[in-house]
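Look for chain A in each of the two complexes below; its partner is chain B in the first and chain C in the second.
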Partner chain A sequence: MRIELVKRKEHSGVMALLSPVIAVGSTLIAAALIFTLTGKDPALGLYKFFIEPLTDTWSLQEIVVKATPLVLIACGLAVCYLSNNWNIGAEGQFVFGAICGSFLPILIPDFANGATLPLMLVFGALGGAAWGLIPALLKTRFNTNEILTSLMLVYVAGLLLDYLVRGPWRDPGGYNFPESLIFSDAATLPVIGDGRMSISAPIAVLVVIVLAVVLAKTLKGFEIRVMGESPRAGSFAGFSSKRLTIFAFALAGALAGLAGTMEVSGSLNQLLPTISPGYGFTAIIVAFLGRLNPIGILIAGFVLALSYIGGEAVQASMGVSDKITSVIQGLLLFFVLACDTFILYRLRFVKSRKSAGVPEASHV
Partner chain B sequence: MFEAVLLTVITAATPLLIAAVGELVVERSGVLNLGVEGMMIMGAVVGFAVANQTGSGSLGVVAAIVAGMAMSALFGFLVLILVTNQVASGLALTILGLGLSGMIGEAFIGVPGLRLPELYIPVLSEIPFVGPVFFQQDALVYVSFLLVGAVSYMLFKTRAGLILRAVGDNHVSAHALGYSVVRVRFMATLFGGACAGLAGAYMSLAYTPQWVENMTAGRGWIALALVVFASWLPFRVVAGAYLFGAVTVLTFHAQAQGLGIPSQFLSSLPYLATIAVLVLISANRRLTLVNTPACLGKPFVPDR
Partner chain C sequence: MAGEEHRAAASVRSETGMLLDARGLTKRFGDILANDRVDLAINKGEIHALLGENGAGKSTLVKMFYGSLEPDAGTISWQGKPVSINSPAEARALGIGMVFQHFSLFEALSVVENIALALSDAGDMKALARRIEEVSTDYGLPLDPNSIVADLPVGIRQRIEIVRCLLQEPQLIIMDEPTSVLTPQEADRLFLTLQRLASEGCAVLYISHRLEEVQRICHHATILRHGQFVSECDPSKETPASLARMMVGTEVVGVSLGAHQATGGTVRLGLSNLSAKASTPFATELRNINLNVRAGEVIAIAGVAGNGQGELFDAISGEMRVDNDMVRFDDVACGHKGVNWRRRKNAAFVPEERLGHGAVPGLKLSENIVLTRHSTRDGLTGAGFVSTTKAGELEQRIKKNYDVRMSHDDPEARSLSGGNLQKFVVGRELDRKPGVLVVNQPTWGVDAGAAALIRQALIDLAREGSAVLVISQDLDEIFEIADRIAVISRGYLSEPEDAHTMTRERIGLLMAGGAEENAGAA
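Presenting the complex of A and B:
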């Protein structure tokens, strides 16, 4: 028996809505299987991973804290992917943005007034954009593959942060621990609630709304979609694919850099050798699970934030490696991509030609 | 001293060479598998685990190859049967591989490993200088060179290679001629997975015989860049892999010498070198356009 894909006459609206749901459902089944294989109770594992974090206010707040950078980064990535620019280095843009956003409170801690925070956020966004522009300019100028260059810059940014925190930016009063000064109050984002939640969360929601309007209602949004689907048609309309590449990377970098600065200023309050549990990579999954749509991304951000909290929960309570988070994230992306196929195609099972006897001659 | 440096260059270059030659075949068939890093790290952990449990390095190597192939089969099913986006699927494979290897490897952190024995080629290994460098290596170093020769021969001197390149350059015509595009691509993908798994085994059984989380440290991605650097020609991959091996080893030695350069800057050199090399190669349109498989990364759905 063989499996064949048959193109649908028009793309299935039902599947477009159902596909993320089916993908999440399939991931749950796969997760249950993993728990069983590692000798744990699958029902308890699923409960601890996916349900329990939703039942108390502390972990709900932590989910918002983790969803915020994911949503911000994924919004920028969606613009990149819609316009066929494969930026997979958001992790580096996040880190470099955080570095640029932090130099003010670390190097000039006495500069503490109302202008500190806005300046930090601006520097963070500019830094992230600058880091994102490197692969974009290499692509437009030298035709260099942006996938590989943006990824290589992730390692470079990580090593730069490591150097700064262990070297020149280390807290002189910090007993030689590799960490920076703790930011002053003027450099800390205002907190919401009693946990680590800060005003970064409403800022992320604002970005989602603005991007949703821009993509759906403006000429820029039209340009992004046209250039992604048919660059040739776009060029007749006077759109430049090079300018759009630069725009998409700069926007994605700026949002990632903003997310990095807000993570440092709002949640960590200092620079550490590692400031991200892979937000930049997880955001790629968020972008796809959200179907490259800002509102979808907002929902998907919560799903993937849950995977971080759930991973910590099963590690603490059941002794499962927290690496299960990354396994579940990888599987989820596979299922999302596979389910998306069924928006355009349906499956047909055909008996193999030998047993069917007659080859399909009617098509010739 | 020079002899020792040359020896370490060979061990640093071999995993890059093996993984890149595998990916070269995959890309020649028109498939872009960005999951090399994920397949490689799975090869590393499975190879280490099996060698550790059975006490046999060869069994470890075989298991690593199987693990790499299993990962690539998953990728092949999605990308070739369900025609999913190749870039995103490759990323998913890497994320999955990094996670799975971390889970499997947790029990093996800090466990002393097994080093693949060196193979002494009779007579030749007795030659001063040349002998120890070229004829006293572990078997996989020789395998890597045999692999390059075999792949080059297969691609350019055999019918199978002609079909593979045809599928990568124009899948519509290849399909019209009656070749099964999906089958050819699936085989190529499996071969790439086997090579990535083998490269991973080299990391954990020969390069540094131990299991460390994320021990491939981006080598899978550098292997991908090497394929572009080599403009899809097998023998150029050797030059690229040894160039990168040399850069890696030089950074180690510079760190050991303590030249006052922060170690992080030295560690970032291979990544910066990758970018520099990619820019140099891509800026030369003539060089890249000649050999780039025309259908690289493009989905194919046979109309029956």
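Presenting the complex of A and C:
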């Protein structure tokens, strides 16, 4: 018995929708296995991880707070991945954007009026875009691999933030704790309701809607899809792959920088050595789980946000290591990518052929 | 005696020398029955032609012999014993070798390294290099074992594949369209080698759709149509017309040239001193190319693959920028302009590669129309938005006018067969009634019916006053449609000559380097 992957004539619309569902299901099974292996009750673990956070208002609000940066970053990453630009450095663009968005309230705290917040958001987006442009320009000018350069810049941005909050930007009245001034009210995003939710959430939804229209209906969206699948055909259509690389990285960086500024301004209210629980990396999973489609990303953002809250919950109530969050996120990405194979291929079971050897590449 | 009776009747083949006997081979891919109960028998020492149109199932059948596909039903006997061939390695162990149409060579490695990779036990490289030299010289296909593949022309690369097969001392060599990349002279040399092999008892299964060469060298022929066995015959007793009828099932409609225009129309596409350095180590440099394509005529550029056709196409289409006055459309210099600017000057382009260059595999046909026509004032875009309605209308029109057949409406490009996709890609450009049309390999891998339709459409376009430039490796096609013929060789283009006075021999000489001297004189 042997299993073969047979290429489909066209991509399967059913599998494109089913693939993330199967992936989530497989992740649940794997998570149950992990709970069992660590000696915990799997049913209780799954309940605490995936269900309980959905049952009270506080954690629901927290899910929205966590989903917002994930969705924003993933929208930008989707444009990158659709156009075949492998931006792995959204975490760095998020951090550098947050730094650029924060210099106004930290260095000029007296500049507090109606223009403060919009300016912060603009600087945050520009900073993120600038950070994203570094790997883009390296790729277009010198042919470097953007996966490596964008990833390395994550650590540069992280260390820069660390230096700033421990050094020049440390709050002089903060008892030497590594943190900046608390932002003034004029530099704080307006809150919705009584929790930590701010207007960043509706902004993310707006970005999702705009991007969905751009990708589906406009020539720019067409260019992005063509370039991703077939750069040669794209250049035949008169599109420039270099310009698109710069566009995609700048957009992804800007959205990540915007998310970083909104996170600092809306949720944390100051710069800290660590401002992100790995949003930039988790957003990669969000982008793929969401089929690189803005609406899908909105849903996937909630699923991954749940994994953060659920991870905290099982850590608190069952004593499971907080690494469980990363493990489950990693499993989810693994299963999504595996299931995506079935969009273009189907499984076939072959009985007769006995050879176990590796079949040679067929010359098709 | 029985044996003597067999010898007396030449067309009845001896059963005693049976090498490979396939019965009822069936292979299904999804909804398509690629091979439907196909029978094929090859005798020892026989050059056996496998004839059929593209999509008739020839490649599927031989891949089952070579172990890279597994039959769903049917049996294969090898020298009288039933066998199951599970991998190419097992096929080679039996004594079956294969030379592919698209070579599987590593360009950055040397000849001996490439061959060593394919052998299960390569042994000492120096000894192997000596053997390669011996065997290749012995069979009239001399090779330098130490040259790097990237530096070698296609004809020599094919030799490497053949010598690689010969080193394994096969009893059956399968060759998939071997002459499609050769000059007529190189092909003649290959035929001598094949005849020598056959005389030594090695059988050759020869896949081709070039009927003249099949008649010339093959002892026996099996004909497939739509995945089914149609008949077998002795090709020397048939005419090209009767063989074509068996392949296609009906008479192939000839192309009508229409009123042959005297050259004298205005120059619509002009190339002057077009030169371009090779952009990669594996690309070809274009050297001082001069050409005027006039209104009303079809000029064909013949040449063996890899002599600068792709680079020339890119320079004319604008995918590769050159000095501004090297390329002129309707006497406007545009070497610096992009492909869409040239399209707006009423030029149209059809590249060689249908999937991945001319069309995006995963996009629907209507979206693939947007690909080349989004900025040609066809109303496909407005204020940055794409009109799916308009794209759908165009798709319907092209589908109807150019007979593009599809299983359901507006499918993804990858699901179309080669011929139908080519009709679509050519139709998409013809639909614009372009003033200048440049086509690279217009009917590569396209069945005879579709090829005739496309060729006729190209001629009709020219007769309506457009300039048509066709780049092709198919000499039959070139003689069928061209008014003037030029030859490209190592990036040089010969002076175009009248198709009526041009001969195959002359084209062969120009392909083999004559184009360079000729271009120098021009």
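Following the convention adopted for this analysis, the second predicted complex is superposed on the first by the 349 of 364 C-alpha atoms of A that agree within 3 Å, B and C clash if a C-alpha of one lies under 4 Å from a C-alpha of the other, contacts with A are read in each partner's own complex, and residues count from 1 in each chain.
In the analysis below, contacts are C-beta pairs under 8 Å (C-beta built on N, C-alpha and C of every residue); 3 or more make two chains touch, one makes a residue touch a chain.
Model, not experiment: these values are computed from the prediction.
Looking at the shared chain after the overlay, A:25 reaches neither chain B nor chain C.
By the touch criterion stated above, A:174 is placed in contact with neither chain B nor chain C. Put chain B and chain C next to each other and count what each touches on chain A; the higher total goes to B.
Contacts of A:190 after superposition: neither chain B nor chain C is touched.
In the superposition on chain A, no contact is made by A:202 with either chain B or chain C. Contact with chain C, but none with chain B, is seen for A:11 once the two complexes are overlaid on the shared chain. With the contact threshold set out at the top, residues 360, 363 of chain A are in contact with chain B in one structure and with chain C in the other.
The touching residues of chain A, when paired with chain B in their complex, are 3-5, 7, 38, 86, 88, 138, 142-145, 147-149, 151-153, 155-156, 159-160, 162-163, 166-167, 281, 284-285, 288, 321, 323-331, 333-334, 337-338, 340-341, 345, 360, 363.
On chain C, the positions that touch chain A within their shared complex are 29-30, 63, 68-70, 84, 86-90, 100-102, 104, 317-319, 338-340, 343, 349, 351, 353, 356-363, 367, 370-372, 374-375, 381, 384-386, 411-412, 414-415.
Here chain B touches chain A in the complex through residues 34, 38, 74, 78, 81-85, 87-89, 91-100, 102-103, 106, 217-218, 221, 224-225, 228, 262, 264-265, 267-268, 271-272, 274-275, 278-279, 282-283, 285, 288, 301, 304, going by the rule given at the top.
Every residue of chain A that touches chain C in the complex is listed here, in rising order: 6, 8-11, 217-220, 222, 225-226, 229-230, 232-233, 235-238, 350, 352-355, 357, 359-363.
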